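We call the chains A, B, C, D and E, going by the order they appear; numbering starts again at 1 in every chain.
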Amino acid sequence: MNGFGIIKGMIETARNFVGSYHDAQRLTTVQYPEQKLPPVENARTIPFLVFDGDDAMAGLRCTACVICEKECPPQCIYIVKDQVKKPDYVGKMQMQPKVFDIDISVCMSCGICVEVCPFDAIKMDQVFELSTGDRFGKLLLDKHQLAKPNDYFVKIHKTEASEIDVRREEDKRKAEAAAAAKAAAPKSPATPGAAK
Amino acid sequence: MLNEIAFLLCAALTLAGAVAAMMLRNLVHCALCAAGAFAGLAAIYLQLDAEFVGFAQLLIYVGAIAILIVFTVLLTRGAEIQPGAASSASSWWKGVPVGALVLACLIWSIMASPSLVRLPSPNVHAPVKQIGEQLMNQFVMPLETIGLLLTAALLGAVVIGLREPRTSEPNS
Amino acid sequence: MTPSLNQYLVLSALLFGIGLAGALARRNAVLVLIGLELMLNAANLNFIAFWRFGPHPEKLMGLMFVLFSIAIAAGEAALGLALVIAIYRHRRTAQVDRFDSLKG
Amino acid sequence: MSGLDQIFVWIGHRAAGWFPASVQPLVSAVLAIAGVMAVFGTCFALTTLAERKVLGRMQNRFGPNRVGPYGLLQPLADAVKMLTKEDIVPFSADKTLHFLAPLVLTVPVWLAFAVLPFGRNMSAINLDAGILFFFAVGSASELAVFMAGWSSQNKYSLVGAMRAIAQMISYEVPLVLSVVPVLMLAGSLELNDIVAAQGTYTFGGLARWNVFTPWGLAGLILFLIAATAESNRSPFDLPEGESEIIAGFLTEYSGFKYALFFLGEYLGLFAVTGLAVTLFLGGWHAPFQWLEWVPSWFWFAAKFGALIFLFIWVRATLPRLRLDQLLNFSWRFLVPLSLINLLVAAAWYWTGAWKFPVVAPIRWLLCAALIALPYHWLGRALRGAMPPPRKYIYAE
Amino acid sequence: MESIIQYLWLIPTAPLLAAGAGALLPRRRRRLSAGLAIGAISISFLLSCAAFWATLHSGRATSNFRWFDFGTTSVQMGWVLDPLGAIMAVMVALVSLLIFIYSLGYMAKDENFTRFFCFLALFAAAMLGLVIANSLLLFFMCWELVGLASYLLIGFWFQKPSAAAAAKKAFIVTRIGDLGFLVGMLWLYAKAGTHLFYDHGQGCLEPAAAGGLVASTAIALLIFCGAVGKSGQIPLHVWLPDAMEGPTPVSALIHAATMVAAGVFLIARVYPLMTPGALQVVTWVGALTAVFAASIAVAQSDIKRILAYSTVSQLGYMMMGLGAGGVAVGMFHLTTHAFFKALLFLGAGSVIHGCHEEQDIRKMGGLRLRLPVTFATYAVGMMALSGVPLFFSGFWSKDAILDALHHWRGSQVPFYLGLLGAFLTAFYMTRQVCRVFLGKPMTVEAEHAHESPPVMTVPLLILAALAVMVGFFGTPAWPWFQAYLDGGSAGFDLSKLMNEHQLPVMLLSTALVAAGIVWSGWIYGRASARPAREADPLEVAQPALFACVQKKFYVDEFYDATVVRLTTAFARFCDWLDRVVLGGLVRAVCWLALALARLDRNVDKSVVNEGFDIGTEAVRGAGQWVSRLQNGQVQRYLRVIGLAFCGLLILLLWGCA
């Protein structure tokens, strides 16, 4: 019979209408500012800089190699190398950035910087409430704003971070073992790090 | 006095609409102005206590005929191709004098007839019921004929307006 | 003071004159049709006016005439415009002075 | 009973009484106009909100709930936004018509409310040819839509306007034809008479509304379908189909003019809804005799609200039609069916003279069959005329 | 009675409507067409039975109406219900119904099945209309319609040249008789002033009119001409055997049971007009036909042709019965004959159908075992036709005729001819049965013959039962049939069977029949064992006589040599006349006219044309000038109208002022 399909459809919508008032399961909407969905591990927004330890500037893993700056498609990373070097986690002396800015109004969240970074120093963040009233000043993030502890990294991307941590522990142990071996061996003047 | 003013207003609307409809360049404007003239006439009918006719005028002229005209204008691309200014200018002197002559004759005849200065009879109204009864009794044959005529016109318009089958076109 | 019959008649005559002038002067078939409609309306106004000011308004004669006239005008407009469209399809123009295939 | 029932009438009389007698008619007219505009203006505001809320709920969402308690002040916010927006007129637009179109749409729609009886003794004017007046002023909206679409000089606008006119012309026929049986049976074009004709009770207090007769039921359904199309609402919202032609004839409108169009469309919807209530649902009469004590305007408002809810409900349910489906549906289904409904009404009238036991159900069933069978056949024929459903090769 | 007469017209109308509907049906709607025809004839049958029931209690009822007027006279039509018509209607409707059903099976493979049933229904309608007609005019119309249906059905397989020729022959030969009928009818109208049979004492058959007729013997003989044509009496019998080219159900229905009986029925119907002189002619013609056709049948080898000649012979018996014994005797034989001859034809059809369209009896044989039902029913039919005593209807009806002839005051020759015919009938029927059913199969087809489907055999069984039973309604002991037709009542009196008038005739005919059967059985019972190619035993014995008989006494050849050749010669003469004499005259006139025309042309060219040229040029010029006014510009026309309006207005106003 003609028209029954319409009636069936209308019964369905009526069921939704009534049901949405007494059956909270039906309502898929989240009342955002008050409620938030738990973030998904693979979510990615903009990059941030990982540091180890408590002092952000001291523990920055970045070695200012500028690979990311060169690879970034929209050219939103700006790096100036510092003249002063600092030792990295295995005790090797590395360069460090004097300036590390990311213009997040330009960044397109492609994650190429993360992929090319050989030091696991730059990773993707999950923050999304980035809006601001000052579009010229507040959207250019400097290294202080970008630097976030490794714990945070572990918190948001658990799998990836723990894997990296294990590898770095391994490296560290190897380096210590090497250092110990070197310490046990006759002193060589050619190792300035060891001299320290 | 109030009646006079209302009449003058309606008459002005009607005449302005009519003149604009006949003089404007853009055909769509012409059609819309003609609709305005029709609406003004409807108001005059209302003022003359012919409610039913007034509403019918509004419904048919503004609601149907004006739309039809507009459609035709669009379908014949009248709104895009402007008629050549020269041809219309040359035709003004052919058309307007005749119109003016007819108008003069009519007004002369109106003025010349003495029995026409007359005031309306009071309290006339045409109830819909009476119109309906007349239509069903005295005027039933014309009514049926009109029905037949409109059906024929409808069919005719559809047939004329139908796109012809491609094979019947002799050239092209 | 209410307007008298003469005023309506003059209005009707003016409308008729405008319609006639337009129908004669304009070249576009649609405008010619509009002019005809205006003339028809002028006639309708005459009927209504004579009905209203006539000696037997209760007989509704003029009113009826106008009703039928409006109905016929609707049919006439539909048919006329359909003709214009049909001619336009063949001749690619809606100028009446180009429609002279039936000349002697 | 009469106190509460006639309260608005009473207020009007008292207010007019403060003025000198010579201007009293004018004052009472102004008061009536103001009342109608105020009530239906508010109604418009509330309906925009209600529509969004109900639509949301029907789609398992919340709908607006941020501005004010339960989002009640949302219309206000919308109004502020609309009125403060920049009024953009396209460079190549026909400025005059572009400006006039919203006015031509809105003003006649207000006029249509003049003849609707909102309650006992509550209609602005008692016109002898009320229905004719209603449809006559309603016919201007087609011109307005055309003006809007054409003057914008935008192809989407023009396409939208053309669709709108084709749709309005096609559905005006069944709209008017579905009203005719009511006029036939009531024997009057005056809305108050039509309401009065439905004012008696039968079967121990059940109202004699037109909708309780076979032709009335069919007429109401036909009327509502045609009214949905006339007011360009979903599923007949082709003229404004966002996914197809941006916003149809409204594409080039913004700000206040856009709001006016919106207002005009909603008011048009209210007007036909009010007419449906008046013609088929007994106007301001109570459904049962023992409910007569409830004020008449309340009944009108309740029925009005129910029908508005129905419109929103339909909008939430049905997808948009295609243009060929739309026109076929009108000319091949609604128009013949409403013509047949005329005959059914005539049959109902003649069978009214039957005198034998249990005549009422027999008469009802007979007339219902007279309309149900054509409904079935026409539906089948319509389905046969439609192109077959599209076969998707890669989907499924 | 009064009620049934009001609806009597439905009897022919039902099949007529079915025929009309069938004519409009597309060819593939086979079932619908057959269903319509069978349903319609069933309705007719039921109505006929009702009518028959009504006639059992009362006599005659008529319903007349005025068809049209010319001048002061009016042509009246109507229908009549009396025992004669009722019994005929029941018989026609019943036989038709059975044959329609039979045709379902027989024609199942034919691609023009739909058309066939349309024609059958048309025939039934015409025949039933004829039966109930109360006006000689209406009777004649139906008579012609019947002829038309017969023509259509004989030529049903018009692709066969022989069928087409047979159809034409049937149509033309019967037309000869109909011419006499028509003349008789007109003469009757001139004398009696009416064509109505019964009209409250005013009809042409009622004593008031019929008694005072002058020249009524001539009228009767002219009408008898029609009957001769339709019923295949000498000398117009030649079409009937040829008509066997049609489908077998058609032969059964039309050329055995019903239509050919229409001639007999006609005589029965107008019996009051038949003067003693006319009746003598009827009897003699019948007697000659009976013997003549029976003797031809002896030497035929086509199964249907034998039956056709048998039919002619039996029709002769009916005529004899009518002439010598009156309506009841003839009609009784008509009725019984209808059933058993239909049975025989349908049985023959079943045989033909079973033997894959083989019609030559010499190529059959031994079908007794392969077509048991057909054989049983055919045997019943054969015995009924031969007049085997006591149990078969043919015996009683034939006996009544012979009895009537025996007591006829005119002459005893017809009686002896009738006895000879009875002997011959028994002889050729036994020959046929022996050839077809007994002995051994002569050909492969006969060996592989198969029984027909039930839709064909069931009608056979019903007809067989009827062929036996109908006879008991007209025995001398209980002459119910005769009493019914004459309007009296019949008592059962076995002693009448034994009185001295009846018994000798009965015994004589029984003896002759027995002789015929035994002799034939003796000859052909043995012969049927021999191969088909061998000559017939009779041919061996009397070759010249047999050849003569086999060639149907050379009647067709005689007609060819006399009538046809004469006609041809006359036509040649007319042709010559036309060509030489009239043609020469025409040519002379033609030459004269040509000469005149040449003269005229010169005058025309030089004198008249020049003048006209000048005149037309002037007119054309003027027209061209005027036509410039109509330049196709509508606005110009409108302008002219406007100006004219102004002019008129001014004229009017000045006139007023």
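We take it that a contact is a pair of C-beta atoms (placed from the backbone, for glycine too) under 8 Å apart; a residue touches a chain by one contact, two chains touch by 3 or more.
Here the structure is a predicted model, which is why all the values come from computation and not from measurement.
**Student:** Going by the touch criterion stated earlier, list every chain that contacts chain C and also contacts chain D.
**Tutor:** Shared contacts of chain C and chain D: B.
**Student:** Hey, how far apart are chain A and chain B in touch steps, shortest way?
**Tutor:** Step count on the best path from chain A to chain B: 2.
**Student:** Touching both chain B and chain D: give me those chains, sorted by label.
**Tutor:** Common neighbours, chain B/chain D: none found.
**Student:** Report the most central chain, judged by the distance from each chain's C-alpha mean to the global C-alpha mean.
**Tutor:** Central chain is D.
**Student:** What are the two chains with the top count of C-beta contact pairs?
**Tutor:** If you count contacting C-beta pairs, the leading pair is B-C.
**Student:** Determine the centre-to-centre distance between chain A and chain D, using the mean Cα coordinates as centres, and give it in whole Å.
**Tutor:** 57
**Student:** Determine the centre-to-centre distance between chain C and chain E, using the mean Cα coordinates as centres, and give it in whole Å.
**Tutor:** Going by mean C-alpha positions, chain C sits 74 Å from chain E.
**Student:** Find the geometric centre of each of chain B and chain C from their Cα atoms only, then give the gap between the two centres in Å, rounded to an integer.
**Tutor:** 5
**Student:** So how far apart, in whole Å, are chain A and chain E when each is placed at the average of its C-alpha atoms?
**Tutor:** Taking the average C-alpha coordinate of chain A and of chain E, the gap between them is 112 Å.
**Student:** Check each residue of chain B and list the ones that touch at least two other chains.
**Tutor:** Residues 52, 56, 64, 71, 91, 94-95, 98-99, 102, 106 of chain B each touch two or more of the other chains.
**Student:** Where do chains touch, given as pairs?
**Tutor:** The complete list of chain pairs in contact reads A-D, B-C, B-D, B-E, C-E.
**Student:** Could you list, by residue number, the parts of chain D that touch chain A in their complex?
**Tutor:** 54, 57-62, 313-314, 316-318, 375-376, 379-380, 383
**Student:** Touching residues of chain C toward chain E in the complex: what are they?
**Tutor:** 20, 23-24, 32, 96-97, 99-104
**Student:** So in the complex, which bits of chain E are touching chain C?
**Tutor:** Touching chain C: residues 626-635, 638-639, 642 of chain E.
**Student:** Which of the residues in chain C end up touching chain B in this complex?
**Tutor:** These residues of chain C touch chain B: 1-11, 13-31, 33-35, 37-38, 41, 44-45, 48-49, 51-53, 55, 57-58, 60, 63-64, 66-68, 70-79, 81-86, 88-89, 94-95, 97.
**Student:** Once bound in the complex, which stretches of chain B touch chain D?
**Tutor:** 26, 28-29, 32, 35, 39, 42, 51-52, 55-56, 58-59, 62-64, 66-67, 70-71, 74, 79, 125, 127-129
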